[in-house]
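We just call them A, B, C and D in the order they show up, numbering each chain from 1.
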Amino acid sequence: MLKYIARRLLMLIPVLLGVILLVFSLMYITPGDPVDSLLGDNATPEAREALREELGLNGGYFERFFNYVVRLLRGDMGICYSTRQNVATRIAQTFPNTVKLASFAVAFAVVFGLTFGIVSAIRQYSIIDNIVMSISMIGISMPSFWCGLLLMLLFCVKLKWLPASGFDSFSCVILPGIALGVNSAASIARMTRSGMLEVIRQDYISTARAKGLSEFKVVTVHALKNALIPVITTIGMQFGLLLGGAVLIESIFAIPGVGKMMVDAIKSRNYPVVQGGVLVIALSFCLVNLVVDILYAYVDPRVRSQYK
Amino acid sequence: MANEKLLEIKNLTVHYQSYDATVHAVENLNLSLGNGETLGLVGETGAGKTTTVKSIMRILPTPPARVVSGEIFFDGQDLLKVSEKEMRKIRGKEIAMIFQDPMTSLNPVMTVADQIAEVIRLHDGGSRAEAHKKACDMLELVGIRPERGSDYPHQFSGGMKQRVVIAMALACNPRFLIADEPTTALDVTIQAQVLELMKKLKAQYQTAMVMITHDLGIVAEICDYVAIMYAGEVVEYGTREHIFNSTAHPYTKGLFACIPDIFTEQNELVPINGLTPDPTDLPQGCRFNPRCPYATERCRQEHPENVEIEPGHFVACHLINGGGNENA
Amino acid sequence: MSAISTKPNVPKKHSKLQETWRRFSKNGRAVVGLCIVIMLVLCAVLAPIISPYEPNAQDPRNRLQGPSADHWFGTDELGRDILSRIIYGARISMSVGLIAICISLIGGVTLGAIAGYYGGTIDNIIMRCMDVLLSIPTILLNISIVAALGSGLQNVMIAIGVSSIPGYCRIVRASILSLRDQDFVEASRAAGANDFFLITRHILPNCLAPLIVQATLKIGAAILSCASMSFLGLGIVPPTAEWGSMLSTGRDFLRDAPHVCIFPGLAIMAAVFSMNLVGDGLRDALDPKLKD
Amino acid sequence: MKKYLAMLLACAMIFAFAAGCAQQNPANSDEPTATNAPTDVEATPVQNTELVTDGNETVSDKDTINIAVDREPATLNPGGVSSNVNEIIMRNVLDTLLKFDENAIPQANLATEWEAIDDLTWQFKLRDDVNFTNGEHFTAKDVVYSINRLANTTTGASALTYIDLSGVEAVDDYTVNIKTTKPYAFLEAQLCQAVMCIVNEKAITEMGEDAHGRAPVGTGPYMVADWTAGESITLERNENYWGEPAKLKTVVLKIMTEGTSRTINLETGDIDLNCRLQTTDIDRVEESSDMYVLAGAQNTLRYICFNTSVEPLNNVNVRKALYHATDTELIRETIYGVKSSEKANGPIPPSFQGKNHDLPEYEYDPAKAKEMLAAEGYENGFEVSFIYLANTTNNMFAEMLQSMWAEVGVTLVLQPTESGTLSTMLNAGDYEVGTAATDMKLCDAGEGLYAFFHSSSRGSSQDRTWLNDADVDAILDKIVTTLDAEERNKLVSEAEAMIHDLCPMIYICHPWRVYGARSDVRGLKVLPYDMEYYSKLYFVNED
């Protein structure tokens, strides 16, 4: 198993390098110059030149890319143009918020997704199954930002139960988490349902029934364990998608997360923050996928024996 | 009490209600079985064999399947009237079942010992360790090294998996075992080992058994009584000797004609022409008449009754009841 | 267990279409989806005729009015009629959806075909590039591309098109790998067919079904990405009526005039919803075993 | 059949929910529109910069106030990237030598008296009883260090354009000389700027720039106790403050970028003071009994600027025609709100000295505009691009302008741009029509006009019109060098008239700063420049 993990980690390197190259080039060809947005008021040309030098904006593409990568290897992601803090601390401040938001959303999605999926699989072709499937279809197509706005309208503006912005207390995470989690809950529900339907038809389920197990036990112990295996991969993928979706939800609920920081950084041409942010997000995305694959092997004995 | 029937099925009728048609899977079937006896249930696919045994265990998939009428007395108790909770106590304890395809009848994500221990703990109680130990004993009984108990199903061959299924079925030494074509999915050599094992265990535990098969060789080797099913009905019932030596019903004869006989020089087997009837609209009168070489007008009109042509040997065919069996 | 037919189902085009339509029309949900899609396309095409007002006609005096008799969906922050803007918005969304899909189909299929067919280092390089694209969340990728190329309709289309190339590339590569060493491919290669002919004539038709399904589902996703980008203020340049930007401007008036936000959101959802329904319907109709 | 039923049921639920929200809304709020029914536009809006009370209130012992600000400062070091929130906090934590009073006249602060000993050098006498929060004693050395330090900060260097660093020296512990490169009438105003706050060398060297930026050591009434990124900044009272001690012990500045949530938190009482009440919520706050609104003019001006160096905008008649084609009052009323802005005519805010109050008005008259354009040979109009910072208000602003100018045949191509690119294009003059809201920081009309319209300031971030007119330059040069205020003001109003005739800009309005406050908050006074004295705030008991 360790050999497999090592190999997967090694394969990460080229991908991350590719990510850095792609984002660096995109930022390089972006018009507009961050110095201007910084030196707003009547900056003299020399001050402008001095700042360009300090931020390392002179020099050709390869030169800048080369010393960016060299500094990166030493763990220095460069400094954020506006606050002059180094990017690592900026990300360290904001990344936990996005992770908190994404994990709440995943938890919400898994809990609701699984329950709805299982219920509609057991009660197939009943009215409940149809309603759940229609709602999950709507859930998938509902834009997360619009859903966020509706929730904010209902719970913050009209009913004033939950705070509309900020991120200090737990109650601030609920609404954005749900808004972010709706899409994933819907797709997990559909995935669980088709997984369960697939499993319930298997012979070992009738064996289990023939053993005299109660319907509840048959479903929870035997059917669910087998149906969950494909669902784990979707949960892993959902976590990755959530990192992307968080960008929108954070800008609605004004959550100081990586997504919002990235959008502002792209707008104000804050290159190091963009590059650092995308790198961290891509890295966590790949790590989550790796964890999911390992989990997959752990849960499914057939796969585990291949890796032993 | 000795010849008191352990199992008695009285004109059982089961239909499958699909979207636009009803499938008459089983039509008022009558069967009975004594303690320790083995009944062979023979018939082509779609004759309703699996539906019958599943209705005994009451694990028919309820939305489409429906038991229209009939009673199933087991040990004097009508299983169809019993509450679900009560039924669960019987399943696995009193009646056990072995399924056809060993490849898929074991849960792939649970160790073999756990799956056996599960049924033991369910019915005989005891701690987890005791159940586990008993499960290993069962594995040893069926010829599998106990330490392999912690392996997963995918690490066993087809034959070994069937042994595990048998071990699981007999874990709570049930009084009645249903085997739904246990060896069809196995190749011949493994088949012989598994049958040998079942015969040994049957003798050791005095378990009554219903063996579903379409392989007459197995019937000859292991069954005391034989019931020939066709299109949801028992057309001929009798002891092994009756069926093999004094075959009466044309369909049974047709079945035997399909097997190459080692002693006679035959260059061509005589197949029964045609296919089993469409269960949604069964033919009038005797169900076999479209394919029966001796079908008369009466066969096409009137449904034949079950007649005891000799003690313990019943046949449902006008030919036999009406005229003599000159062209048997 | 039905024997897996080695004979490829290279069908007569005609009957396959009919058969697909027969199975598709039996599926109730898919038909509902198709009706909504047709309605949206009609909206887009006949916008000038059916929209009650000029989309950019401003009337600041009575702005932010709730839904009323003469303005069914009410008016927005500059007094423009929301219903007409949604109808015109359909044009943007539909065209973005379709053209972005074409870009990603062309890109994805060619890359997938090359990677799948030739394998070896090319395959490795292409797949690593796809991994790179896939490991960056699509929304961030789209934003960076638009920031680099500048906002505006056709840059948005390019961004969405490029960022969904990996999806198609993987499907085509997977089906090519499975078909490449099938007998009929060997046979036609033996008959002297060159690679291009082989790929276009034999291999691609066989992975048509998953591609069509993925395309319909992805149109919905493209509409959603376009809306999200203009929601962040990076997509379509005002004053063109686009659902995402309407939703974003409506945000400031959420309290007093929620209808400014609600109706564009509903329009986005309806479009994506119907596309998903059609996609699901097609998947069941085209190839039942594709049901994930 | 069941499938259809379930589908329709689900859709119906969603529509019902959506319609419910839309319907329910008009019912409960009495007027459907955000800003109330359009009052007759001409009525001059009434400014209420301070709450007048009947005086017999008892001071409550509540000692913490929650204030909502609309953005998070990047750093609190003088010379860092600045926004108005930065400057407000800096002025409450650090001190400058001089300080503006209510009508923007520099008054004593850390410096007690000062005088120009010759036309290039000023001498300041400093207070001798001031200490920094880290215990260091405040001396002239700190003044010299603070000014020299600005030379190598991101935005500080530009504040030293007129200061000759070699001439900044400490005569003794409590007197300091500051020399200017040429006679400069606005040094006093410059020393009131937040960038000129006095910091302590020992503190900065020990803590390092970054750490100091997040918890500056100063001499002000408050000091930064805690700063949680993205959430809040907490200020504690500086117990040994040299001046009148602050009334409240703790001030919590909560960062809320969304206008709607600032108002909601004000209503629920989570915050006591909302420093940026959005225009759409003014009526709601005014009507409720437990909140009140304060609004006052600022030194900011919202305008549309022509790049006078570009075809066809270099033709003054074309510019005048476009001014006539713009209904500035409708824009002001729709976007900036009648109750939170004031009509503008001319670049100088009305409260400033030297403002010329009888400038001719370019009234809204599309027919006249069309005529003038035809006279200039543009009868079928022309196309011109409009560049602005991309946000929802500006989008609305741009779309209104576009439809107004379309009526006179001028096609306006909208170019919403990000802050990064916008400054580059504006500074490089690579635009035709633009919009911005710059403010006259030094609160002195003369300096403002110089920075806006003098040909030498082209390319700077203040000059948006690229005006290049000899006699305008001449009068502006004279203004900057005349030290006598009286004469300077006369020149200023004369210059404003001359510039107004060249019509380089369309003046939309002077946006006001609008505050929403809980009914028990007292001591808030709206000042014409970005300055809030938290030390004066206190609570009263409500009977």
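Here, a residue touches a chain if its C-beta (ideal position, glycine included) is under 8 Å from a C-beta of that chain, and two chains touch if they have at least 3 such contacts.
In this text the structure is predicted, and so the values were computed from the model without any measurement.
Asks: Could you say which chain's mean Cα position falls nearest to the mean Cα position of the entire protein shown?
Replies: Taking the mean of C-alpha atoms per chain, the most central one is A.
Asks: Using the stated contact rule, I'd like to know whether A-D or A-B comes out ahead in C-beta pair count.
Replies: A-D
Asks: Would you mind pulling out the distance in Å between where the CA atoms of subunit A average out and where those of subunit D do?
Replies: Result: the chain centres lie 38 Å from each other.
Asks: Please work out the Cα centroid separation of subunit A and subunit B, and write it as a whole number of Å.
Replies: For subunit A versus subunit B, the centre distance works out to 54 Å.
Asks: Measuring from the mean C-alpha position of subunit A to the mean C-alpha position of subunit C, what distance in angstrom results?
Replies: So the centre of subunit A lies 22 Å away from the centre of subunit C.
Asks: Nearest whole angstrom, what separates the Cα centre of subunit C from the Cα centre of subunit D?
Replies: So the centroids are 45 Å from each other.
Asks: For subunit D, give me the residues that contact two or more of the other chains.
Replies: Residue numbers touching two or more other chains: 3, 7, 14, 18, 21, 260, 418.
Asks: Two-or-more-chain contact residues of subunit C, please, as numbers and ranges.
Replies: 29, 147, 233, 251, 254-255, 258, 262, 269
Asks: Of all the residues in subunit B, which ones touch at least 2 other chains?
Replies: Correct list: empty.
Asks: Per the touch rule above, enumerate the chain pairs that touch, sorted by label.
Replies: By the stated definition, chains touch in these pairs: A-B, A-C, A-D, C-D.
Asks: For a test of understanding, state which residues of subunit D touch subunit A in their complex under the given definition.
Replies: By the definition above, subunit D touches subunit A via 2-3, 5-7, 9-11, 14, 17-18, 21, 24, 72, 74-75, 80-82, 152, 154-155, 157-158, 161, 209-210, 213, 228-232, 254-258, 260-261, 264-265, 267-268, 270, 417-424, 427, 441, 451, 457, 460-462.
Asks: Can you name the residues of subunit A that touch subunit B in the complex?
Replies: 125, 202-204, 206-214, 222, 225-226, 229, 299-302, 305
Asks: Going by the contact rule at the top, pick out the subunit C residues touching subunit D in the complex.
Replies: Listed in rising order, the residues of subunit C that touch subunit D are 28-29, 32, 56-58, 60-67, 74, 77-78, 147, 151, 233, 237-239, 245, 248-249, 251-259, 262-263, 266, 269.
Asks: Spell out the residues on subunit B that touch subunit A in their complex, using ranges where they run on.
Replies: 57, 59, 63, 88-93, 96-97, 99-101, 104-110, 118-119, 122-123, 152, 154-155, 165, 168
Asks: In the complex of these two chains, what residues of subunit A are touching subunit C?
Replies: 14-16, 18-19, 22-23, 26-27, 29-31, 134, 137-138, 140-143, 145-146, 149-150, 152-153, 157, 191, 194, 240-241, 243-245, 247-248, 251-252, 259, 262-263, 266-267, 274, 278, 281-282, 285-286
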